[in-house]
Amino acid sequence: MTPLDPIVLFFILGLIAGVLRSELRLPPAIYEGLTVLLLISIGLKGGIELAKQPFAELVGPVLSVMLMGFLLPLVAYPVLRYVGRFKRPDAASIAAHYGSVSVGTFAVAVAYLASQDISFESYMPLMVVILEVPAILVGIILARGISRETRWGKLSHEVLLGKGVVLLVGGMLIGWVAGPEGVEPIAPLFFDLFKAILALFLLEMGLIAASQISSLRRYGLFLVGFGILFPLFSAVVGGWLGLMLGMSTGGIMMLATLAASGSYIAVPAAMRLTVPEANPTLSISVSLGVTFPFNILVGIPLYLQFANLLHGSGG
Amino acid sequence: MTPLDPIVLFFILGLIAGVLRSELRLPPAIYEGLTVLLLISIGLKGGIELAKQPFAELVGPVLSVMLMGFLLPLVAYPVLRYVGRFKRPDAASIAAHYGSVSVGTFAVAVAYLASQDISFESYMPLMVVILEVPAILVGIILARGISRETRWGKLSHEVLLGKGVVLLVGGMLIGWVAGPEGVEPIAPLFFDLFKAILALFLLEMGLIAASQISSLRRYGLFLVGFGILFPLFSAVVGGWLGLMLGMSTGGIMMLATLAASGSYIAVPAAMRLTVPEANPTLSISVSLGVTFPFNILVGIPLYLQFANLLHGSGG
Amino acid sequence: MTPLDPIVLFFILGLIAGVLRSELRLPPAIYEGLTVLLLISIGLKGGIELAKQPFAELVGPVLSVMLMGFLLPLVAYPVLRYVGRFKRPDAASIAAHYGSVSVGTFAVAVAYLASQDISFESYMPLMVVILEVPAILVGIILARGISRETRWGKLSHEVLLGKGVVLLVGGMLIGWVAGPEGVEPIAPLFFDLFKAILALFLLEMGLIAASQISSLRRYGLFLVGFGILFPLFSAVVGGWLGLMLGMSTGGIMMLATLAASGSYIAVPAAMRLTVPEANPTLSISVSLGVTFPFNILVGIPLYLQFANLLHGSGG
Amino acid sequence: MSLDTRKLVTIITESALEHSLVDDFERLGAHGYTITNARGKGHRGVRDADWSTSTNIRVEVVCDATVAEAIVGHFREHYYANYAMILFMCDVEVVRPEKF
Amino acid sequence: MSLDTRKLVTIITESALEHSLVDDFERLGAHGYTITNARGKGHRGVRDADWSTSTNIRVEVVCDATVAEAIVGHFREHYYANYAMILFMCDVEVVRPEKF
Amino acid sequence: MSLDTRKLVTIITESALEHSLVDDFERLGAHGYTITNARGKGHRGVRDADWSTSTNIRVEVVCDATVAEAIVGHFREHYYANYAMILFMCDVEVVRPEKF
């Protein structure tokens, strides 16, 4: 995959059409359907691989990635609050977005590594799931302390049983139980069509990202800078963590990508309900309008180079 | 296909997610689209095979299966009315559901036999169509006698030109006219993706089935028992009929499955309009919440064993 | 592809189901999704081929096809106005529909030539795009002269950035940039499923066409005659133009088909907003209810015979 | 601005009834109707869009008082007992009274 | 509970007009609008959701009487003759009158 | 035709609030509600159906004046400050008053 890979081109097509205010738009049901397919595909593939792996090896990575999910927003928050001069709830909410992950970015990274025949640790989809939760907790606590008002039970139910987690974890379990041969009859949809489905998904993501640009203009340069520089910082943290955990080049790259990506589904929904005084336009426009395009167009190839560097020097 | 076949696993994933009250849900348009694809696929496959068959051979099976469709609800009705103590319209409506068939169950049976390389009589999709009608007639007559008020013309139009019948019959005719080579260019969607589409469909069916469980709790144990035992009885009737008609093992198994399955689309819609005093929650919750999961998880493998037994002893 | 090709059979199934007033209908989101896939597929395929072609060779065809788009409605208008006795805005609007093109018809022609292993000039999808615009301009001017009221800027924005143009042009650019190998990973969806997606699309088109028949009855025989005879005339013009441009048999056939087809998406939308006094039912019912079915069932094979004839005598 | 007054009758009921209601309106003298998809909860429990046999439609008819009365009467007799349905109405000012 | 009164203007028309109406509202001084998809029947025949060129939208604007009058006047002049459209209005009590 | 009068409370707000509102209605004594999907514009900008975190719902509750007042009070306190929301109400005649 080069910058000229068709899936990136579809994203660019969406961006351009959106900027030109084309009436092009995928029906919401189709967009949702594509998301479901991507989540299941990623889960299945991870699950099949996972079957080959002793469970004990997961403990270290899981715990340290979870820790990363707690720490990244804690770094982002003071930058947003004191450099960016955002109000407390806004700074907390944006920070939470960047502690979490974007499944769309992860899917593109999967396709990118596949196109270069680079493998990565099979438990990566699990990391996507694990990173969903801590950032939300940290965001809420940053915004309002450990408040009695927060209905933690309801919240954790909503996050843990959200579409993303259920399909990723469910897909992994199915892949794990059914194994490579078991999954074969359903491979034509979930594996053979993966890249084309990702292309359509990115077309719509380009349109959505473009629609965020007008809000961005209102909130100024700081947010744009943050949306590029903080992911770069996070990628270094993620990559370094991968190296410490003894991961392969592919794994290091993946962890860098996960760290660098910002949520635009689970976290916004959770923040809207728990920290309603945060302005949702701020966080979504930087996550979708800056960081997502940056990662797709520039970040992912960069993180691979970085992983190569690290692994070369480290290994 | 074993209990660990991925399509069954997708159903179980849906069930569990539903029971845990996950917000996961396929968009209704996607669910409808999947149904359309399944119906056309089943029809096409049947039609291609049918072309190889002399028409005269159909007369016997068609007539006897139609008769079965009339008789099964007549057996179910007194059980529901006098053992279950349901009101007359409720007993009639539930009985009608069990005289008819579930295309979803049929599709899983098709996939199950395919995974075991067992063939079955090609006219089976026709039986699905034929079983749609009689049960509805019987249900209405049981509920209110041969009433003048029933607009039979309008009703038969709605049943015979409903989505299910048109797509199954239309698919069969297209498969029959176009033949195996003619259908080849459209095979990648309708045949290669069949199992994956079925898996997605079952994911949603699991969610729907789970949502019926709370209604079930209200209506008690009798309904749960009926939803398991009556299908078992029907399977015996269907299997025995297959044997009498000289069918193969696969055919016997299929007829047992058809008999054992209960409608959850065509019959509920028809009953709602013709027997409105029947409580639709009763019949849908037992058909979808008990019988459908039972057939997918337990029934289908059981009916194959039963068919093996019958065919072994009979042939 | 013969009249018994499955994609034509799906269209006929839709027609029959529609005429019989079946409740069958694809969900609108699915229908839109199918359209998106068809447009991208056609664009991609054209773009891949286009890469092999020197750009200079496009100038002649582009300009002459554009001229054809201006002239065809100018021929249709007096026929409709003075023979058909339609009001000025109605005549202008119908004329505009016939100067433009139907992507659905184009897609069937692509599948038809593919099934016969006949190739055609790769820039054809570009012609589809080019024919969208002139007819709309002519239609507006015929209806109301060069009026100050018409907001030409807004109009051209809407036409040039409509879904059809963006996806066709975008698809062509992606195919052109990515090249045949680049596109390979997304081929399973966009190329392998093309015919099946077209089949589903035509099923819905059949239903839609059938729903136009009742309006047609109201407007009488002239419109039906026009909907068949004018396309035949246009096909001769288009075919002859292809011959003059030195095209292959496939190219001549394609240009005849484009000329013969009538718009049912872009033009109706543009006319509704710019010539609101035109009755939209008139133009849509003849374009969708007469010309589209005629072209699918009769026209396309006819235009190929005609192209063979022309090319034989001309070459 | 001088406007006439008509009745706006709003009905929320099972989508299975759509065809029936449309026929009824025609027969009872309404000149038009508008339908949107809806979900909700009432005495017959939750009815949401997830499972097609249990969704609602929201139907509006603008008409004169006589037709409104006819609709209420007809619906009371034919649907109230067995279907999930609510009906309410209010006065609205209309611009082209001849349309209703 | 002391509430102010405003006009609720409801328009049911062809979805092709959505962009135009939105522009109009801005220009005529409305502070907001709400749109839902709809289907229906009126003098210009059945308009249902199946075929996108013939679906309806249902538009609501809460505004003061002056703006309501401006909307009615503008629509009467620009849309009534050539588009499928009905418009009706009624008084509603609103909680934050400064919003409308 | 003798009809009783009730309040029709209409709320247009962010779809993210759907579950919350439904819980509220239950607690505040409403016997039912109806929801449709909507898009629109107000003080918090354009909210359309394209991107799921920014769509609206249109909620209707038919209830007596006391419950209506309770809803307005509760919503004013809990949602007005931080969510896109408008609320308006009017009197409607209902047929089966015992339902509301």
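Observations, loosely collected:
By written order: A, B, C, D, E and F. Residues from 1 in each chain.
FYI, a residue touches a chain if its C-beta (ideal position, glycine included) is under 8 Å from a C-beta of that chain, and two chains touch if they have at least 3 such contacts.
A quick note: this is a predicted structure, and the numbers were derived from the prediction, not measured.
Counting hops only between chains that touch, chain B reaches chain F in a minimum of 2.
On a Cα centroid basis, the chain most remote from chain D in this structure is A. Of all chains, the one whose mean C-alpha position sits at the greatest distance from that of chain B is E. Looking at A-B and A-F side by side, the one with more C-beta contacts is A-B. Chain A and chain E have CA centres that are 41 Å apart. Each chain gets one centre point, the mean of its Cα atoms, and the points for chain D and chain E are 19 Å apart.
With centres set at the average Cα position, the gap from chain C to chain F is 46 Å.
Listed for chain C are residues 27-30, 32, 188, each touching two or more other chains.
In chain F, the residues that touch at least two other chains are 36-37, 90. Across the assembly, chains come into contact as A-B, A-C, A-F, B-C, B-D, C-E, D-E, D-F, E-F.
Interface of chain D with chain F (complex): residues 10, 12, 36-43, 56, 58, 69, 72-73, 76, 80, 86-90. Residues of chain B that touch chain A in their complex: 4-7, 9-10, 13, 17, 20-30, 111, 115, 188, 192-193, 195-197, 199-200.
Residue ranges on chain F touching chain A, taken from their complex, read 14, 16, 20, 45, 49-54, 81-83.
For chain F in complex with chain D, the residues that touch the partner chain are 1, 3, 6, 8, 22, 31-37, 60, 62, 90-96, 99-100. Those residues of chain C lying in contact with chain E across their complex are 25, 28, 32, 207-208, 211, 265, 268-269, 272-273, 276-277, 280-281, 284.
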